[in-house]
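Common to both upcoming complexes is chain A, partnered first by chain B, then by chain C.
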Partner chain A sequence: MKLYYLIGRRILQVIPVFLGVTLLTFAVSHSIPGDPARAIAGIYANEQTVEAIRHRWGLDRPVYEQYGIYVKGLVQGDLGVSIQSRRPVMDDISDRLPATIELALFALILMCLIGIPVGVVSANWRNKLPDHLSRLFVLIGGAVPTFWLALVAQLVFFRYLGWLPSGGRTSDMIASPSHISGLYLLDSALTLNGAALVDSLEHILLPGITLALAGITSITRMTRASMLEVLQRDYIKAARAKGLSRRKVVLKHAFKNALIPTVTILGMMFGSMLSGAFVVEWIFSWPGLGSLAATSITNLDYTTIMGVSVVIAFVYVLANLVVDVSYMILNPRIRLE
Partner chain B sequence: MRGSMSRDAPVATAHAGEATGSGRGQSLLSVENLRTHFFTYQGVVQALNGVSFDIRGNEAVGLVGETGCGKSLTALSVMRLVEEPGRILDGEVWFEGKDLLQLTEAEMRRIRGNRIAMIFQDPSTYLNPVFTIGNQIGEVISLHQRLRGKELNRRVVDTLHMVRMPDPERVARQYPHQLSGGMRQRCLIAMAVACNPKLIIADEPTTALDVTVQAAILLLLGELRQETGGALLLITHNLGIVAEICDRVIVMYSGDVVEASPTRELFVSPAHPYTNLLLDAVPKLHQDPSERLPSIPGSVPNLIHPPSACRFHPRCPHAREVCATEKPLLQAVSDGHMAACHLWYPPRRGSWEAA
Partner chain C sequence: MKTPKAKTWLTTLPLVALAFVVALSLASCAGEETTTTTAPAGSTETTAAPTGPVTLVATRNNDPNSLDPADEVTVGGGLESQVAFYERLINIGDPSGELEPGLAESWDASPDALTYTFKLRQGVKFHDGTEFNADAVRFTWQRIMALEGAAAQYWQPVKDVVVVDPYTVQIVLSQVSPSFLATLAGQRGIYMGPSPAAVKANETTPGDWAKDYFRDHESGTGPYTLTSWTHDQELVYEKFPEYWRGWDGEHVDKIIHRIVKEPATARLMLEKGEVDIAADDLPIEIVDQMKDNPDIVLKRDPTTTLTQFTFNVDKKPTSDVRVRKAIALLFDYDTAIEGSFKGYAKRVYGPIPSSVWPPIPEEAVKYNRNVEEAKSLLAEAGYADGFTLKLSGMDILNYKSLFQILQQNLAEANIKLDVEMTTWPVLFEKLQKPKGEKPFDMASYQMWAAIPDPVDILMWWHTSAITVINPGWGTSETDKMLDDANSTMDQAERERLYSQVIMKLNDDCPGIWVAEVEHVMVYKPWLKGYEYIPYYHGLVNWYNLSIEGKES
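Take a look at the complex of A and B:
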């Protein structure tokens, strides 16, 4: 009961945040140099044509009116028309969003599956061999730049070993799985399409790992630090005094408490992976939001830039909502405040 | 010195642990020559320096001494819960016919929470904030008694009932932060008594509570002991509490047991100068409130470089030369009353000296 009430209140709080985001992206995209009407018309069009286009796209109206029209469209799910593709921006984005979400989710799962256990092991064997190894891994993994890692991974696993494809989401020979969620791994698993599943997995492996590495090291560090802190707490001693094994104490009493700060980081990372996967998407030709944003910036396609920004902000806010809800599940003290 | 001093009294020169009167056979817990040290960068902290004492079944024993004298560490050493860099170097802890220090960790786990349970000082930090009270009490019951499901829930509620918790069904579903300090302490006590242990070690169970709640918790501890017939080791620095509920008192100073005595006798005729000064420092009703309370001169010794022999000698008004050179053994001063002080039994010089 209380949980639902709190989630509802949290969603309402998101609305002003969201308005702020649209205002900011609108202001920024309108202050960047370059004339969008000229970009639509092309370099060789005459002034009259450019003027006509400016009028037709509403670019001659006052800025506040343009913003009003934009927000009105936004509420109805209309992000305007892309200058570059002449399709509704919403369509362009919904074609690309699943790819980005799939990549980010895959990386997020890797972060949890690797970062959290390594952090726990590291804390439990503090200053012993496993801890030294994990700290070395954190140091190296955190120091390697993503673009360099992406190129080296491509070189080694595609060029030399030939184990994995160099980019894209699927091979040409294998049909994409039928569209359910747009996440190929999920769709092919749901339709029991083994060939497509293996193919999607092969394609996502390199970009996924590359994207996840920096996050894995942060999660490892965070989990280790908060486990070490929690293991010093009095209730750990009390749990040991009950006769619980050390493993049970670590995995039950310490782990749930230590997870709280880690979840915060995970939520923020998911948000930044959606917008920050540009480099990885670019290098691995991953047809996601990142590469869409990159091409629309170079083409001055400002409706698409804004659309991508708004969608990323939306997902970011959503990710934070999920973090808040998982807080409430993990930490009963928050539920009552 | 209060009390009589007789040089003709029988001298118990045997090993301190065996000299405690009853011997291993009758005591529930018999700690002998327990030495726990901490190995820090600054040096070795000699926190427990050969602690010996006995507790008989269904006896309430107070363990008193100032902060840092090793009271809590004694309890943790008995439970074998001393954390790095602390290490138990030497000694024996006999409980129900077994030396706990010789058991494997798995065997020791079956003792903890089951045969010997512990109640801690601050109920707000010793309860895990993210699990319900029912979960945390049920955990110890399911661990040692293999109960599950409905039966377990019933036992949890029964246990909460036992510690006089109002509305136990509701409390079992609540989290620690939803309860008051006194209720939380009742929960910690419930966890300790859940498996009906033979010995409960209570480490300053009332220090973090309001004075009115303290009285209620002490009353509860006393009643529970009578109901269950177990023994209680009460660690405290509050002599008033000791006088109220303990049968015997053990006084520690700087990692040594300096005196062990029936409660009444300790208050009437303390044998060790430290105990004497400690009792002088307790505020009394007829005292002139404008006067300063007497205090023990000097400060708590550094345990990395402790004073030689008797660790109390630098602060002792009766100190003699021998106190700095020979460590006094714990010896009987009267029936059941022991003290470790040269004032009572000047050590005999070796025969070569007499010759």
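Take a look at the complex of A and C:
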């Protein structure tokens, strides 16, 4: 199957996914009791003011009509106006999306750099000391709640040791790097802005590591399991039999094939980190999508809740597309199926 | 086999990596450059320790919704930033509620109390350099009313704003409003600006009053201007050199208002000295953990805020006054104050805090814990075997323990309490259901007076206010008392009428008034000039703050 055909098919699949997401989010967010017009007007507003606001925001129209207007706008790339900030939702999201993508990518890279080697080592020395140690590490990493880890990391590395900042993306003294991608690490590297690079790196370390630690568990487990499975295969035995060193067999022949399930997990993790990083973003004052979503939910900001859901659905689909393409690079036979 | 695309990636990767390494190696030099930029121009090696602009760092727990005073009137929504840029005609000068001049130097009322004449201060400039005058006051009113935003409600008694001369303006009311001046000096909806010239210059379409532009820009007359706003990160304000009060004495040059959503993080930052003041209310549990820290100042002040439970008076069994009184007698007020409020609160014996007049009359019925009396009242009402109640309460950290205390207390009389904690907008939806349809037996939330006048807290017991707070209580007789009190300028008569309403409320017991909560602001000892005025709850007078003796 041609690569572009597969990509085209995936893109077509996006349409029903989006419609489903908007319908579901719309239904859920509108079934929660709460009056957004009152939230805008404030507690002391009289009914006349609330009514004026309700009318101005189209909240007095029938629900199906509100949904129709929303979908029509969505087709034109308009996610509506945030009830809370009164700005276009697209603007609010574009302000925060780069921060979340940067954090998720950073955590994902850490997960790969730590999780995959630990998984390989663990499988290679099955039931030996390195395996026991790595399994213990994985168990602890998976058992510790993220919010607790975040608070403890902050307490130790910011409050007591003073090595890293408590949160945010940059320090007051350091200007943000020129906007190219919105990812501060990348932008400061591309513009050779050393001060901003170090500052951004210092700021992303704690939230990045905290976010990564939870995910490393799954990556290590998956890599270990699939490595063990691959190492039992006949072609591995054949490779060993023909005299290849164990190191070469593991790294060259087994590792590549064992990566496929791990890549699947990585794709899904990236998607879930965009939406699920809100605890880490909240505690580390990271100005990302998760933080925006959490605030919108508390304030019944329907339009932002829906906007964030649509964007996350989009990124999920995109991440899955990347995973599919990675499969084909890792195992060309998949392309033929 | 590698594809051409893969090759491109492979050749680009080392370049990006190289850029990273070069950038990192430049880091230390650049770091030094950055720190030297704070030294004042012209400083030499022979001068004393260099002093840069004095910067104050304050935390706030959310991104503002809007900086337009016509559109956003809530603390937390943007008001706490707006007060750095915009000012009022008159102000509340101290906790007693005394009014003092602001942009107006003096004011007087006509004998019929329908026309208020304000003499405006001369030489006041908006941040765009144009002059503040009577036309600007009229323009502000016109803009607020045209936008129909949240601020419009505070101008509803106003029939017209008349420019008498460039520095004299009259506000004409359609009906007598004894609390009008207090409202004008209060904290919501009455800020002057943005400047007419700036509005005209930034209209997207003629007549749109530049409503989009002023959500994230400002043009007021206040002490600080907005330098930058990075959403969900920080707002930066810098002093307005031409501010009419001048910059003699101790002030700060720059304010960084940093958004820190997690209170535990704000606490760490304050302890570490990374911020000077946690300028919004931290939960009392967090504040209490800092009480023994000698490097933190805990400033405690009485507020006008009440914590209360209200009863659904249209639904059995709370429609029976004996049941309501029994519950008020079962509640353990002292344990609640010590347990839920950590002692940062005091008892209140009626629907009005002690900081707002009139005082609770001596002869008013007061409720203290008396389990036996409560049980006999319940038996008399036919509920000796108990019943189940549903409580909807605000999801505030310390309310959880408050509700647990109530649950335990009620269990002593076989009353089961189901608690449902929700966010404010969801609770509000329930509260504002029409009389008879409210989906709870009891509700719990805070109330407070934002102006030094009882109307702000007692008006919610008017039957026309059932859409908001009133749980269905009131008769034509109590409505008349409230209406009369709000339409006469006779202070003695107003006190008498409000005292009668309080007596009636205490007697009918449509609510349990638990405590007057203290306000506790936490800041570093080097921060000077902080003063809490209950009517400006949640707002900081940025101009009065200074930093003295802070080690750099």
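Rule of thumb we're sticking to: the second predicted complex is superposed on the first by the 336 of 337 C-alpha atoms of A that agree within 3 Å, B and C clash if a C-alpha of one lies under 4 Å from a C-alpha of the other, contacts with A are read in each partner's own complex, and residues count from 1 in each chain.
Just so it is clear, a contact is a pair of C-beta atoms (placed from the backbone, for glycine too) under 8 Å apart; a residue touches a chain by one contact, two chains touch by 3 or more.
This structure is a prediction, so every number in the text was calculated from the model and none was measured.
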| item | value |
| --- | --- |
| Simultaneous placement of chain C and chain B on chain A, clash or fit | fit |
| Partner chain(s) touched by A:T210 [first = chain B, second = chain C, both, neither] | neither |
| First (chain B), second (chain C), both or neither touched by A:Q84 | second |
| Touching partner for A:S245 - first (chain B), second (chain C), both, neither | first |
| Chain A: partner with more touched residues, chain B or chain C | C |
| First, second, both or neither for A:K256, with chain B first and chain C second | first |
| Apex chain A: angle to the C-alpha centres of chain B and chain C, given in degrees as a multiple of 10 | 160 |
| Touched partner set for A:K237, first chain B, second chain C, both or neither | first |
| Smallest separation in angstrom, by C-alpha atoms, between chain B and chain C in the superposition | 9 |
| Interfacial residue positions of chain A with respect to chain B in the complex | 233-235, 237-245, 253, 256-257, 330-333, 336 |
| Complex contacts: residues of chain C adjacent to chain A | 6, 16, 19-20, 22-31, 33-35, 38, 55, 57, 62-63, 65-66, 71, 73-74, 77, 148-150, 152-153, 156, 188, 215-216, 230-234, 256, 258-262, 264-265, 268-269, 271-272, 274, 423-426, 428-430, 432, 450, 467-468 |
| Residues of chain B defined as touching chain A within the complex | 79, 81, 109-114, 117-118, 120, 122, 125-132, 139-140, 143-144, 175, 177-178, 188, 191 |
| Residue ranges of chain A in contact with chain C within the complex | 32-36, 38-49, 52-53, 56, 84-87, 92, 95-96, 151, 154-155, 158-159, 162, 166-169, 172-174, 176, 186, 188-190, 192-198, 282-285, 287-288, 291-292, 294-295, 298-300, 329 |
